[in-house]
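Listed after this line are the structures, all set down as structure tokens.
You will see two complexes here that share chain A, one where it goes with chain B and one where it goes with chain C.
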Partner chain A sequence: MPATDIAVVGYAQTRSVRRARESEVQLLVPTVATALERAGLDRREVGFTCAGSCDYLTGGPFAFVSNLEAAGAWPPISESHVEMDGAWALYEAWVRLQHGDIDTALVFGSGKSSPSDPAEVWAQQLDPYYLAPLGVDPVSLAGLQARALIDAGKATERDFAEVVARSRRAAKDNANAQVSGDVDVDPLLQEPYVRAPLRRADLPPISDGAVAVVLARGDRARALSKRPAWIRGLDHRIEVHQPGMRDLTVSSSTTLAARKAGYDGGPLDVVELSATFSPQELILRDALGLGADAVVNPSGGPLAANPVMATGLVRIVEVAQRISEGGARRGLAHATGGQVLQHNLVCLMEGD
Partner chain B sequence: MSAEQCAVIGVGQTHHKKKRADVSIPGLLREAASRALDDAECTWADIDAVVIGKAPDAFEGIVQPELFLADALGGAGKPMLRVHTAGSVGGSTFIVGAHLIESRIHERVLAISWEKQSEGNAQWGLAGGRSRGIGAGGAFAPWIRAYIEKTGAPEYIGWQVAVKDRLNALKNPYAHLHLPDITIEQVKESAMLWDPLRFLESCPSSDGACAVVLTNEAGGRAASKPAAWVHATAVRSELGVFPGRDPVRPQAGVECAHDVYRQAGISVPRQEIDIAELYVPFSWYEPMWLEGHDIAGPGEGWKMVESGDTEISGSFPVNPSGGVLSSNPIGASGMLRFAEAALQVRGLAGEHQVDGARTALAQAYGGGAQYFAMGVLRSTPA
Partner chain C sequence: MTTSEQAAPKENLVMEHLVSLHYSEELTPILERYVDALIDGRIVGHKCPQCSRVYVPGKGYCPICVVPTSEKDEVEVSDHGTVTGFTIITPVAYYGQEETEPFVYASVLLDGASGNLGGQDVVGIPRDQVHSGLRVRAIWKPKDQRTGEGVSNRGWGSVASVIDAFEPTGEPDMERSKYEEHIF
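== the complex of A and B ==
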């Protein structure tokens, strides 16, 4: 059994914006510094650092190398990087903390979508032999997923619009959100399709942003935080890539990751899901067995702010923050990678 | 809690070539992974998790290719982690895999790394993909020149390493370059690419993959073939450019080495290590790392090369596999160092086996000589 006394003890995130004037590393520098400051930790005390980002967003190989500056890598640090959402960087750091020889870690995730065209970049994430040449883009795939959900009788376009309206309303309380406000379902349903049955509002905004987390173990966590958000379980699972080989209306890897993370279906005070398209929230709720009364994405979720490569780690921060501030005792955060929910991570957290 | 012991029970690699036109990217990875599974005498179903590494995605032009490779690597239903730490990535990927065992999260992990350089333009990629245009050799050449100035090493040292590694590669059926007739004279006469680096002192561009099956102590003891035992692993990173940095002997490399020596209880590396697989993409990096990792004293690294100490039959063999100078599937090159180190201590290195190898050092570096991943592997558990 993995150790369950590893906790989030510090965090910070930028506001998500359509086009940040700062470079990616400039977004990270104050974010990392604030997370460390909140944990009351000097950067030289950090036992292990791990970052998550995507070279392709910046359009240059080795783009992640400059992000090292945010960690202040001098003197040299013990450090690693995943070409994944920062939530998986947190996973790698959590694994490293299991060894017991170090008791703190710094994790960050960052992404600027503004320098490139996301529809072009993410289309190159598809199988280069059989899918990419078809010219299929991520939004079209999400549209197919939404269509499958409707055809299966599992949801309606109105259900999608309700997810949008609730997310935007919730985002009014989130200073970091990019899209927020009161919208009614009926006018949303009058909007034109972008990729039927998806409308603009069913899609996430294009965002620039960054997030950082400080992890600590055992007594060190208690010393650094009045109310650590303990990671009780953490797991991730991938599915096959070819969309034709999957039932797109379910997320079996989310269900499996939740079970492996030790989620027993018990009550959760807060849930943050990386549902980047509105129908995916319905799929993920179902995969996790959440009831209609579950508090899902009180931050507004990815429909309100979607700094890719940080989005998943932001979910963990949103849950940890509610636990640390006393608003929640038990919560679940979810991160995703790839198209149409191919790869999913579940992080179960609790307060004391 | 003390960490679980990690054992390498399976090693697999492809035949590295300039262009593996006979296989797709998934086919290339399957080749290495299947060999590792066969060596470990296990099947895809026995693998709990996959850790995959490669250098920048722009080399092949696929964003996060592990997503589509999940299908070919039996990833469905398993955790799959993608590591990217520049040139050191193969080493880092091995280490992340080892962490999954040492933390007792998994019992059997497939760690795999790769590059299919022929499907893209790595020189463009190595130059940052935009207009900096100097490539890896251009970046390292001034530091190599600085090493030569500082130590007074004769210029034939680089040629000597180039010949030694290519002759070693003749004993390794998987190596990309097989140059049976190579001579010092040939290296010396080859085209100057980045002064002082000549064509034959540089690594090739290769397609290739490398995979290892990692398991815990019980799994290592139960394996029918000998296992390689992981006694130490460490990673270190430092900023690439700042005033006062010593890029010839980067502090991250010094600290990384001392960390693995400490973990493995090594006080005199030159005596206590039987064989080293070091990341030497350009000939001069052999003496530079011998000094940069405190195996040789200041100015003594090139003398180890000159006296033949680093040959297969020498007192401190370096890169008996032929090293990066003979095969460079970039993302896999770091893991190949760990895989070859494992083969040596398992006694399974074939023709390039170093007699009596019981303790091996594996090293990979990347970026502007700023990322390091190192390990010590032994023939017996700790």
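== the complex of A and C ==
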């Protein structure tokens, strides 16, 4: 039985921008510093550090090593890295905290999508025999998923546009968002397709950004934060790699991760989903059994800001922040990895 | 199963999958200033306001103290320095290798800098006489041939587009204690 007295006690994120002039480490330095400062923790007190980033995105082997400079790695620290979204770095830190010998951890995720062509880079995460040589890009795969959803009679293009309109409207209150504003569904539906049935607005923006989180356990968490956001459950599940071998209109791994994380279907004050493409919000709502009244992506979600490799950890921060600031008592954050919701993580959080 | 019944070994199936990814970005403002200075014949870095270490090029922060640095922390270092460590490389023909003759790959600790400038050629001295402690100076390309090519935002890069190589200054060797922590 995993410990449930581990909490988010500090966090910070950069504004998402289309193109940051600073290096990825420069984005991280103030972000990590702010997260530690909010937690009231000196970096030398951190028990374990874990980061998530992608060398393919940065464009160099071992690029992740320099990101560690933002945490201060001298004298030597205990640290790890995942070539995954920062949400999985948080997962590793959470597991590490279960050992019980340390009581704080620093987690961060970062990515600059601006220097590369995401279609080129992300085709490389696919299997090297059948899919990668085809150069299948995420937008095309998301298009297939959206088409499957329509063909199954589960959604319409109007449903997608409604997700977009609501996300952009919500993002107006999010200073870190890149895309926001009031848009009506009908004009959105007049826009041309990028990959039918997806339009540009159904796609996330290309973003540069970074996020950092401080975790603490037990009494240390209570000492560091007036209102810790307790991680009541955290789980991730993965599905078969080949998109053709699963039903793209459902997300069984999200359902399973939510159940294993202890989500019982009870009320949630806030839900943040890594729905990178608008149809995915519908799939994830369904997978989690969320009602129409659920407050989903009040930050605007990935359709408003998508700093890949940080996007999932940002979801956790958005929920934790609402709990710490008193606006919510119970919330759920979701992160995704791989293509078309292949790998999903669910983090259930509560205030005292 | 007898030996004669065993299937003939199958030929391995080999498929070629060459990947080419394209990246394009502006240099960070710090590196832009660094390149402008190089083209001007000067080598600049950032001096940490806390520990006084000098990073060339500047990173915008000190990775030891984790404090931000900026233009106001910019300092110029010398184009004279000391060879701390070196390798004599005998090139083998592999994809992308343009060298054919043995060459020196030396780390040079510039006077005023806190870290080595890696991968520098040392000329004007027989290869087998290159040694740690050797005092060297930069041989700059003519100003109109200097470019920022090779300088990258990713924490590595080279000055090969402005400095052709280093050559001995003729000074006595640097005292070992002054550079030994930079040998690796």
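Operating definition for what follows: the second predicted complex is superposed on the first by the 352 of 352 C-alpha atoms of A that agree within 3 Å, B and C clash if a C-alpha of one lies under 4 Å from a C-alpha of the other, contacts with A are read in each partner's own complex, and residues count from 1 in each chain.
Operating definition for what follows: a contact is a pair of C-beta atoms (placed from the backbone, for glycine too) under 8 Å apart; a residue touches a chain by one contact, two chains touch by 3 or more.
Because the structure is a prediction, the values reported are computed rather than measured.
In the superposed model, A:His99 makes contact with chain B only, not with chain C. Once the two complexes are laid over each other on the shared chain, residue contacts for A:Ser80 go to chain B alone; chain C is not touched. In the superposition on chain A, contact is made by A:Gly337 with chain B only, not with chain C. Contact with chain B, but none with chain C, is seen for A:Trp88 once the two complexes are overlaid on the shared chain.
By the touch criterion defined above, A:Gly244 reaches neither chain B nor chain C. By the touch criterion stated above, A:Val121 is placed in contact with chain B and with chain C alike.
By the touch criterion defined above, A:Pro30 reaches chain C but does not reach chain B. Between chain B and chain C, it is B that contacts the larger number of residues in chain A. Judged by the touch definition given at the top, the superposed model places A:Tyr56 against both chain B and chain C.
In the superposition on chain A, A:Gly291 makes contact with neither chain B nor chain C. In the three-chain superposition model, chain A touches both chain B and chain C at residues 56, 59-60, 69, 73-74, 121, 124, 128-129, 132.
The residues of chain A lying in touch with chain B in their complex are 1-3, 49, 54-56, 59-62, 64-65, 68-69, 73-84, 88, 91-92, 95-96, 98-101, 121-122, 124-129, 131-132, 235-242, 245, 252-253, 256, 337-339, 342-343.
Interface residues of chain A facing chain C in the complex, by the touch rule stated above, are 19, 21-23, 25-26, 29-30, 32-33, 43, 56, 58-60, 63, 66, 69-74, 112, 114-117, 120-121, 124, 128-129, 132-133. The part of chain B that touches chain A in the complex is made up of residues 1-3, 24-25, 55-65, 67-71, 75-86, 92, 96, 99-100, 102-105, 125-126, 128-130, 234-240, 242, 250-252, 255-256, 367-368, 370. Contacts from chain C toward chain A in the complex involve residues 15, 17, 19, 21-26, 28-29, 59-61, 63-66, 68, 152-156.
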